[in-house]
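Contents: one structure, followed by commentary.
To keep things simple, chains are lettered A, B, C and D as they appear, and every chain counts its residues starting from 1.
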Amino acid sequence: MSILYDEGQQAIATESRRALEARMRKDDLLPLLEVTGRFHEGFWTMAKEQGWTALALPEAYGGLDLGLIELGLIAHQAGRTLSGAPFLTSSFGAAKAIELYGSDAQKARWLPGLAGGDTIGAVAFASGADALPVKPGITFVGDRLDGTLTGVSAAGAANVAVVLAMGADGPVLAIADLTNAERRIVPSFDNSRCVADLHFKETPAEALTAGGSARDAALHILALQAVITAHEQTGGAEALMEIARDYAITRRAFGQVIGAFQSVKHRIAELYGLVELARANCIHAASREGQDDFITAAAAARLSATEAYDTAARDCVQIHGGIGVTWEIGLHLHMRRSRSLAIEQGNSLFWEDVMVDRLAGEAA
Amino acid sequence: MSDLETYRAKAAAWLETMVPDFGRDARQGLSEADDLALGRRYQKAKFDAGYAGINWPVEYGGQGLGHLEKISFDAEEMKHGFPNFYFGISLGMPVPILMQFGGDKAFVKERVLKALKGEEIWCQLFSEPAAGSDLAGLRTKAEADGNGWKINGQKVWTSWAHYSDYGVIVVRTDPNVPKHKGLTYFWVDMKAPGVTVRQIKLAGGDSHVNEVFFDDVKIGDDHRMSPVGGGFAVAIATLMIERYVATDSAGFGPHLDLFVELAKEIEINGKPAIEDGRIRQQIARNHAMRAGLDSINVRARLMMEAGMIPGAEGSLNKLVAVRSRQKLSELAIDLRGSDGFAFDEHASQREDWTSSWINAPTGRIAGGSDETLLNTIAEKVLGLPQDHRPDKGVPFNEIPV
Amino acid sequence: MSILYDEGQQAIATESRRALEARMRKDDLLPLLEVTGRFHEGFWTMAKEQGWTALALPEAYGGLDLGLIELGLIAHQAGRTLSGAPFLTSSFGAAKAIELYGSDAQKARWLPGLAGGDTIGAVAFASGADALPVKPGITFVGDRLDGTLTGVSAAGAANVAVVLAMGADGPVLAIADLTNAERRIVPSFDNSRCVADLHFKETPAEALTAGGSARDAALHILALQAVITAHEQTGGAEALMEIARDYAITRRAFGQVIGAFQSVKHRIAELYGLVELARANCIHAASREGQDDFITAAAAARLSATEAYDTAARDCVQIHGGIGVTWEIGLHLHMRRSRSLAIEQGNSLFWEDVMVDRLAGEAA
Amino acid sequence: MSDLETYRAKAAAWLETMVPDFGRDARQGLSEADDLALGRRYQKAKFDAGYAGINWPVEYGGQGLGHLEKISFDAEEMKHGFPNFYFGISLGMPVPILMQFGGDKAFVKERVLKALKGEEIWCQLFSEPAAGSDLAGLRTKAEADGNGWKINGQKVWTSWAHYSDYGVIVVRTDPNVPKHKGLTYFWVDMKAPGVTVRQIKLAGGDSHVNEVFFDDVKIGDDHRMSPVGGGFAVAIATLMIERYVATDSAGFGPHLDLFVELAKEIEINGKPAIEDGRIRQQIARNHAMRAGLDSINVRARLMMEAGMIPGAEGSLNKLVAVRSRQKLSELAIDLRGSDGFAFDEHASQREDWTSSWINAPTGRIAGGSDETLLNTIAEKVLGLPQDHRPDKGVPFNEIPV
């Protein structure tokens, strides 16, 4: 069942939008593309101050006991303003893994820091194209991790990582303090995502859950993150649609505003459609946490949001013509972000497969 | 259980009892005439049971309930394939408009009651050969004739005109003013002298739409439902009802489950098609699209329940769903390969992919073409400018043809 | 190497176009949709009179010794005018199978009749979605065929069929006189294609080639037919593009011709692109018969022609609005034909696989 | 071997000898200044070997050969990654236009020779902030000034202006007539007082295009290359060259073989991606599209060899190829998954999918946007009407801004 936002939720959306629009500036984000290992500190400070880091975590550990719906609303606004760091999603994913599968000791150790935002979490399941490998490439033996995980978002700045590793009796969802891992920053087209390779060498770690359930647990965490990322993508797509609309009603060519040309006008109307479908799927997915169809709903949100953001990035630039490809105007910030979000939490191919396995009644 | 859930459960139970007499199986093999007769009996049964005019005023024979009861009933009714489509247009647009804009209240009441009982059918005479998307460009004219009017011209795409007793019509009463300003709205007796109905056969083989010719058809001024020259506004009110009636994330084609079943049955390269990435991609993309529309529709209903006005995103339904259905239906034919040639022109477009494919183009045009819908979204929702329209403000009889 | 048509070839195109445009009438074709087992006799008479049936067959057996290029030119024109029967392709395919793989006796028995057009051939390889089954569903044992082939184009009128059957030692390309088979007409959305199911029950037949080479032979025949069908599809798409253009420059709405609206104008320009890509691939494929890359070139022609015809059918009807979906205007003749040609000689999925196997250097 | 094949073989052999000094590897790690210097030496070597101005008149230092020799050489040259792109615009459009429309023949000869040797570079000053697709809407003006002219205004998207010695420019000399009629074409000295060049950084990080400001730049009337008010025709002649120079079915991105290789390396669900239907479909569709473009290009060459004029289908190349390349590049990034974040801003867009992706939008806009190309096909090839243009026939200074 889709939901209507209640007053509290609407206030979260309004307030976070106001705060982000006041703080986030294109001119602060552009330089971050040209350095590695940096993120927008102002964004993260705001996330902590506003309590966004605590939003969806349990009250017992410093959280606010709200859920996907509320965090999704923040992520949507963060997507509109290009956020400035990936931790809203990555720390949330790490924290949920600990909350859902960890021991009381593990929760006590990590959750308060994650809720406060001073601890940054990363989630590292993927191996290249495979968002959730059946046979993870790193090993977990004797409470030690060994091996390399490439291209982990947030890993350049994270304190703790949740990983899927191969244990003696099958996959293990494990948690490791990253002070004991080597990380190598990956120069990327979207450097504020703090992407890094993680090299584990006898790195101490603890199991959260193991055996057959570990992979299901990892998929659940991935789906939770995917719903948040889908909100962020939808926000980005919405912003681009509005930017395109605003440009089309002011920029003139051949004696009229370009929005009067159907090639421009219909393209923006199609973007509206993609954004609204993505938004509807996001709202629905956020309301299905804990239900049987949650994974399918998350996949739908993820697929439609990725399509919306990719298409909006292509079309908004195209509608702008020459000015659209300049560094200064910064549309490429969205273009880059659309691609980094498209590969974080598993690409569209992965989510298509997850969805169809379920629709067809087969195992994932 | 909420009141609404109780209502729905009761309706569902009643509908079940109708299945033996009126359901899909009961209609199998009937001629159209017999099916229409069955339909009239079904409509009468609905009326008697209090399921006709659910959200219409009690004074007109309705039940005085809300829109939510109406759509709950419709959703349940849809499952059984009852012969109700003959009355869809009639009770959907012209009769509600008659209630709102009709003059002589006693006459209106009688008509509404007979329409609700399935005894009379109304049609809607809008489109013309030279005025499809451009409704205001219509040419059928009514000239003053004594105390009344005389209509001459031709309408087209009129659903069920060949079974209709009455119709609502927009005509040009003044060609000397810009095109939107010279129109007037009337009702007409479809059995009156000078009215000729000719069925149009469609691409898929069926013929429920018509051309209607008016040859010196005389009507009184009491047939007038708008101010003289004020017909365009009433026409738009009629169309607005139409836009909000139709939501179906399957685009009025088959449910996606039927595609999944097909993909499980059929093999590509020795493996079930459901394992082929290309097929999986289409299933996943279509599911995501439909789930989005469903979520939009559910939210709209929740908003109405809460007394709010749903957002403009409801207007996406037909555009997105029918277009996608067309391509998915083509893929289903491809998938069947050499078994894909087979065609039963009586198959339902909601259950058969070939029927869905051959009827999809009608769905992309009727009730607002894709292009019209995109323009509406662009202009009404996003504030983009109207297209260039050289005929704007030009007296109708000075527009070049 | 793509080719330029020489003068003789240009004359074939011009002459066949003139002849077909004079003879083929929408009003003769529409009634054929409502009966089964009938085709446009005038078309086939013309094909015989004009020598199109003999065009690509060997002179020794009554043919004209021309090739794919010339037959393709005829097929293109037949596609423009919706032909009226599927035999140009089906008889050609059957004859080529006999010419390339048959004995002298088989050639002498069948080719003169096929070249003259009095014998009609069908080619029946497909089993549902599988255009060329690895394990054919009918058997060929002791010179007898047994089993059923569904949905065979031309089979409703054909005298002889070339089939792929399972023999004692693997697949066999075989030929059978259809007087000894039962055929059941399939009511179809495009009835003049004379689609029928073929039921073989101890039907006498002869092998053309057997063993590992039989499937290669069948693929080669399918590719030859696919090139002809692609020309026919391109002709149909071209005709629709021109019909759409002509309508767009005459039909008026909102005070101007609808071709002035970019949603119409750009759509027709896109159709032009699809038609020209398909045409270029057809010309290229027709010139590659006998070369290593022939199958790949045929697949490219087939894929682009199917896309062009399907898209043109969708868009041309849409541009026409209400009038486009009426029976009388007959655009649905093209719409139906676009789909029947899309599944004859294997659907797009099949040709994508054939192509990629080759591009990736794997076996088919 | 035909003469042409012999020519091509000889050119290929010569190019091989240039690889050690000027090829891809020799350029590795050079600063742009050093690379430009290397490029100048390479261009000089071409000139000395008779491979500069292949199809240009001998009197201007060219070789007097045909277009076919030129494209044969270009196809061979393209393989080695030589530093020749600094001269692409210069020798592609402005200098040929100078040969055709330049006044003082001795001066023109000297310029052409220096351009062919790589000693001087020309740029093309057309686009303006308010005039992209709408070239004739430009605002930079030249006013009569004594016996000459005085230029004021701003150009934008000028490739290589920061290295250019001269440029060709279109400016408005009469704002009182409809926009196409008030333009005049000149050449300018890019080192003249009042000319300011500012590099524009593009989305992908590089900066080969510029803004160019003109502040009371004085030129003589001998710089004029068109009649006063007749500059639009010369501008169009310049752009026509541009449209026909560029054909590459890869859309100036990576060869499809590189995608096939990627798909063989990467696994999806434990199997090579090349076995996944979704990936196969994209490979097959892109191959079919590129094969069609290749076939069109080959036929165009054959027609030119046979003295015929190629068809309009050649204009599809950039539209179809670049648009497809953009999506295929996105898919390549998806396919690499968590390895897809990596980015080297110096990688070649012909060899690296990420570089191809980030530069694709520029390709879809520069040299005629997708929309402009569609309009050109629709209007010039298919005879569809021009778009509504409210500024048509209106004096330039009365068009609302």
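Here is the rule we use: contacts are C-beta pairs under 8 Å (C-beta built on N, C-alpha and C of every residue); 3 or more make two chains touch, one makes a residue touch a chain.
All figures in this text were calculated on a predicted structure; none of them were measured in a lab.
Shared contact partners of chain B and chain C, listed by label, are A, D.
Chain centres here are means of the Cα atoms, and by that rule the chain farthest away from chain A is C. Averaged C-alpha coordinates give centres for chain A and chain C that are 50 Å from one another. Between chain A and chain B the centroid-to-centroid distance comes to 42 Å (mean Cα coordinates, whole Å). For the pair chain B and chain D, the distance between mean C-alpha positions equals 52 Å. Counting partners per residue, chain A has 256, 260-263, 266, 349, 352-353 as the residues that reach two or more other chains.
For chain D, the set of residues touching two or more other chains reads 276-278, 280-281, 371, 374, 387-388, 390.
Chain contact summary for the complex, chain C toward chain A: residues 261-263, 266.
Interface residues of chain C facing chain D in the complex, by the touch rule stated above, are 1-4, 245, 248-249, 256-257, 259-260, 262, 265-266, 268-270, 272-273, 276-281, 283-284, 296-297, 299-300, 303-304, 307, 349, 351-353, 355-356, 359-360.
The touching residues of chain B, counted against chain C in their complex, run 127, 129-130, 132-134, 137, 156-157, 200-205, 266-270, 273, 276, 278, 326, 330, 333-344, 354, 357-358, 361-362, 364-366, 369-371, 374, 387-392, 394, 399-401.
Interface residues of chain A facing chain D in the complex, by the touch rule stated above, are 34, 126-131, 134, 149-153, 186-190, 193, 195, 252-256, 260-261, 263-264, 310, 314, 317-318, 321-328, 331-332, 335-336, 339-340, 342-343, 346-349, 352-353. Here chain B touches chain D in the complex through residues 276-281, 388, 390, going by the rule given at the top.
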